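Going in written order, the chains are labelled A, B and C, and every chain counts its residues from 1.
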Amino acid sequence: MRETRWLPYALLLPATAFLLAFFLLPFIEVALNAFTPKGGGPFSLNHFRTMIGDWKFGPAVRNTFVLTLIIVPLQTILALALANLVMKVQRRADVLLYILTIPLGISDLAAGLIWLAIFEQTGYLNSILSGLGVIPGPQTILSYQNMWVLFAAVILAEVWRATAIMLVILVAGMGLIPREYYEAAEVFGASAWKRFLRITLPLLKPSLQTALILRTILAFEVFAIVAALAGTNLQVLMGETYAWQFDFQDNGVASAYALLILAISVGFTVLLLWALRDRTGVRA
Amino acid sequence: MKAMSLRNPVIRRNGNFLIGTAVVTACLWVLVPLYFLAVNALSSPKAVIGFPKPAVPQFNLESVHFFATYEGVATALLNSVLVAGLTMVLAIGLGAPAGYALARFDFPGKSAFRLVVLMTRAFPLPLLALPLTVLYIRTGLDDTALGLAFVHTTLALPFSILITASLFLSIPVELEEAAWTLGCTRIGAFRHIVLPLAVPGIAASAVFAFVTSWNEVFAAAVLTVQHRTLTAFLLQSLDVSPLPLKFAGAAALVLPTLIFLFAVRKYLFSLWGIANR
Amino acid sequence: MFRINKGQRLAVLTASVLMTTAATGVAKADPLLFWSTAATPVEETKMMREQVLAGFGKPVQYLAQDPGPFATRIGAEAQAGKGTIGIIGGLHGELASFSSGFVDLSDVVGKSGAKVNGAYAALGKLGTSEQKYVPWMQATYIMAANKKALQYLPKGADLNNLTYAQLIEWGKTMRQATGSPKIGLPAGPKGLIHRFFQGYLYPSYTGSNVVKFRSPEAEKMWGDFKALWAETDPGSNNYGFMQEPLMAGQVWVAWEHTARLKDAFDKMPDDFVAFPVPAGPAGRGFMPVVVGISVPKTSPDAAEAKALAAYMLKPETQITTLRVTGFFPVVDVTLPADMPPSVRLSGAAVAAQSSASNAKPSLLPVGLGDLNGKFNKAFSDTFQRIVLRGEDVKAVLAQQGDVVKSILDEAKAPCWAPDPTTQNVCTVE
């Protein structure tokens, strides 16, 4: 068809024009700040030097990576399992899916509040434990003395809050896998696990890739839940960006942090695009 | 959960039990923390602060009443719905065509486009707020629902583009080609074959656009002044407010999204009628 | 396929309705916009609108903001040269970074007819010859204790004349008696603990907060603070407002901003006592907090904004503001008898601490402009490195001292109290 040469560009045009005006232009302004010394002047890497020289930089990078590398795989497995579950249930599956997608509607700030109500010293976890007689009275759970508990609490809250988006994408993708494939596999006596590995996973690749990329990018921006549960004990990149921008009023260093987050996210995106690339090729 | 039949006509009791347990566990995992929020929102301030926490709500409406009589909550709620609705429409209107292009065509610059789209989401919005606000004040977009919706759309657009792209990719191109050979135009084939199959994906991105906008605080706090959204109005002051109001406020913010999700749940699923025919 | 078409039509319809509604949000006569970081808790915002600003007679829209959006919007309006913010309320440090964008308010103080605290009025010039902000309200930090804690006070200790050594001992006795540390400090993300080091510990131990940053006295001070931290609730790194852990009974003794104790005192007045901060070898250091009002050059109605600023300074308004927010007046007033318990409790403690014979008042940093935040960071970093990460005191102080020194060099700021006021740039010994 003759239209195919210009059609894709025509279809991309509105979105591109939009992003150009509302993202790219302000973005360039901010990005330039990262390379401009305070009060103007020629190109310099001073802001990046300040960023790396700060003692919180190392912990922030490490914590962000640890959190992302634990949270995202956990969520992927959980979302796959839940999506399978939703597809298996035939009665009232819409109700089940609805319940499972509820956290989608809850902001990270609100989710932080909800989980703090569970983990704080006079919170629900302690109430239940002391009600059962496991502990004599309120215990401090979220303390800098138990870093792994802090990590665990943040991970739990993030998995609770942000698995739903993956689930929705995966359920939509699974719905498109033709049933005939499964029926044929069943005829040949393939086990449920085999069917999942040989049919579901390969055919789900486009959706899985999308879900993974989106979640990974958001995971590198984790902040509100960390601030709510771990206070000042856990430094993360996004938290440092906020702090430099608003508390220390240094837009240059904040921009440097923001560019770092961007670079890490782009790096991971390219990695995921490559690792989960569609080997069948696209047809035009 | 009552008895469920597996696809296999032979009813496997063990499998049923296993699935039932999994369903109950999954639902509890989501609902229990929300239940605690509800209990806190509906308890007296004294109980919320005290220890141990109540297991059932006392239906003390003191905190709820505070928000019900808080001046401006109703207008802010309307503004939020308006902005989120606009964001939803914009994100789908701009995103679905781009998603279709990414899924169906091979063209130079495709991977670059995909990366740039994702970058928008990988860059912290609060830093963009300053140049954007300056731009808005100069162009008159400042303090309008449409202006804020534009910003929220940049947040939601990467999602709607990628989600719809992956969905279109999963719809066999043969279906479309068959329609063309039967005399359908490209547009006709898209409307009658592809679109119905893509409804859940589009619904998913719509839902996501809506909640993204609903929950966004920072841009909303900076870019709306007289026309605040509920989130900008409440959420940013919640974490410095006394505990009981924190929970009641959080509940006030969560409730509308629960209703919204409930209203659109069947679109997330409508595909099933086709796939399981 | 019919359903889809209907859906599409519905979508288009919704879109057009939304677009028209969005476009027709026509501006009517807008009220004066009061952009502020004060009175942010929802209850206080509500009362600020209903009780304080309602009396102005003309419509005012009070929007309480987080510091982030607050600063972003002010910066953007200044940059765009056009704005909707009519009047600004913020802390000394928050206003300092925007001083070039504010109109001179020298005539407001006179117009209000109120007798404004001279030291604060001078602070409001932000190192210029113009009145960049008029002081609006003030607060300070005091100690609060649950009455249950009093039985564990060290022998011979006087609550109104406590030392840091006694506080540590008190904490130790409480921990041993109850099994958990009962002292609390606001060291969370929203907490104000940096002020504890700047205005309380440093002046009390070294009589200085900049010059003797890395002196032997400072080393001794950090050693003592480590001992105090051992008696401090480990949840402190999450605390922003000490009134909550105090009311919950998690914490029995706390150092906190008077406005952030208000709820505990008002809701449970019989359970708590307020008392002056402890003293160290060099005296009883304490520090005020000043909130000011500025009018941006881009204000749509500067005349009305100035009238509102003058109204906020009236003694009656200042008294209502105290009732609502827990921030004290900056003008001469006679407080009526029916003030809430928090005012009674905090007021007595504040008076006792500023009239103490060994009082060592500190000023807020002057002349740091937008470096205020980094100055605070230098103190909280020192705390986190020495106490939480257990780094070597001397080494950390040497490094952080360099940081403080470079901040002062960049700002070219002279010393401020309790350091001896000098003409040249203040420096770390």
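Convention: a contact is a pair of C-beta atoms (placed from the backbone, for glycine too) under 8 Å apart; a residue touches a chain by one contact, two chains touch by 3 or more.
According to UniProt, the chain labels map to these proteins: A = Sugar ABC transporter permease; B = Carbohydrate ABC transporter permease; C = Extracellular solute-binding protein.
As the structure is a computational prediction, the values presented were derived from the model and not from experiment.
Engineer: If you take the chains that touch chain A and keep only those that also touch chain B, what is left?
Structural biologist: C
Engineer: I need the chain pair with the most C-beta contacts, please.
Structural biologist: Greatest count of contact pairs is found between chains A-B.
Engineer: Need the CA-centroid distance for the pair chain A / chain B, whole Å please.
Structural biologist: 15
Engineer: Measure off the straight-line distance from the CA centroid of chain A to the CA centroid of chain C, and report it in whole Å.
Structural biologist: 35
Engineer: Can you list the chain A residues in contact with two or more other chains?
Structural biologist: 122, 138, 242, 245-246 - these are the residues of chain A that touch more than one other chain.
Engineer: Indicate the residues of chain C shared as contacts by at least two other chains.
Structural biologist: 68, 72, 248-249
Engineer: Could you pull out the residues of chain B that touch at least 2 other chains?
Structural biologist: Residues 49-51, 93, 126, 130, 238-239.
Engineer: Going by the contact rule at the top, pick out the chain C residues touching chain B in the complex.
Structural biologist: That would be residues 1, 4, 7, 11, 14-15, 18-19, 21-23, 25, 27, 30, 33, 40-43, 45-46, 49-50, 61, 63-66, 68-69, 72-73, 75-77, 79-80, 82-85, 190, 240-241, 243-244, 247-249, 263, 267 of chain C.
Engineer: Along chain C, where are the residues that touch chain A in the complex?
Structural biologist: Interface residues on chain C, with respect to chain A: 67-68, 71-72, 97, 180, 187-189, 233-235, 237-239, 245, 248-250, 370-374, 376-377, 381, 384-385, 388.
Engineer: Please output the residues of chain A touching chain B within their complex, sorted ascending.
Structural biologist: The contact residues of chain A facing chain B are 1, 3-5, 7-9, 11-12, 14-16, 18-19, 22-27, 29-30, 82, 85, 88-110, 113-115, 117-118, 122-124, 126-127, 130-131, 137-138, 160, 165, 168-169, 171-173, 175-179, 182, 186, 203, 206-207, 209-210, 213-214, 217-218, 220-221, 228, 238, 241-242, 245-246, 251, 254-255, 258, 261-262, 265-266, 269-270, 273, 278, 282-284.
Engineer: Please output the residues of chain A touching chain C within their complex, sorted ascending.
Structural biologist: 55-56, 120-122, 138, 140, 142-145, 227, 229-233, 239, 242-243, 245-250
Engineer: Given the complex with chain A, which residues does chain B contribute to the contact?
Structural biologist: Contact set of chain B toward chain A: 1-2, 4-8, 19, 22-23, 26-27, 29-31, 33-34, 36-37, 40, 49-53, 55, 90, 93-95, 97-98, 100-101, 103-107, 110-111, 113-124, 126-128, 130-132, 135, 150-151, 153-154, 157-159, 161-163, 165-167, 169-171, 173, 186, 197, 200-201, 204, 207-208, 211, 214-215, 217, 231, 235, 238-239, 246-247, 250, 253-254, 257-258, 260-262, 265-266, 268-269, 271-272, 275-276.
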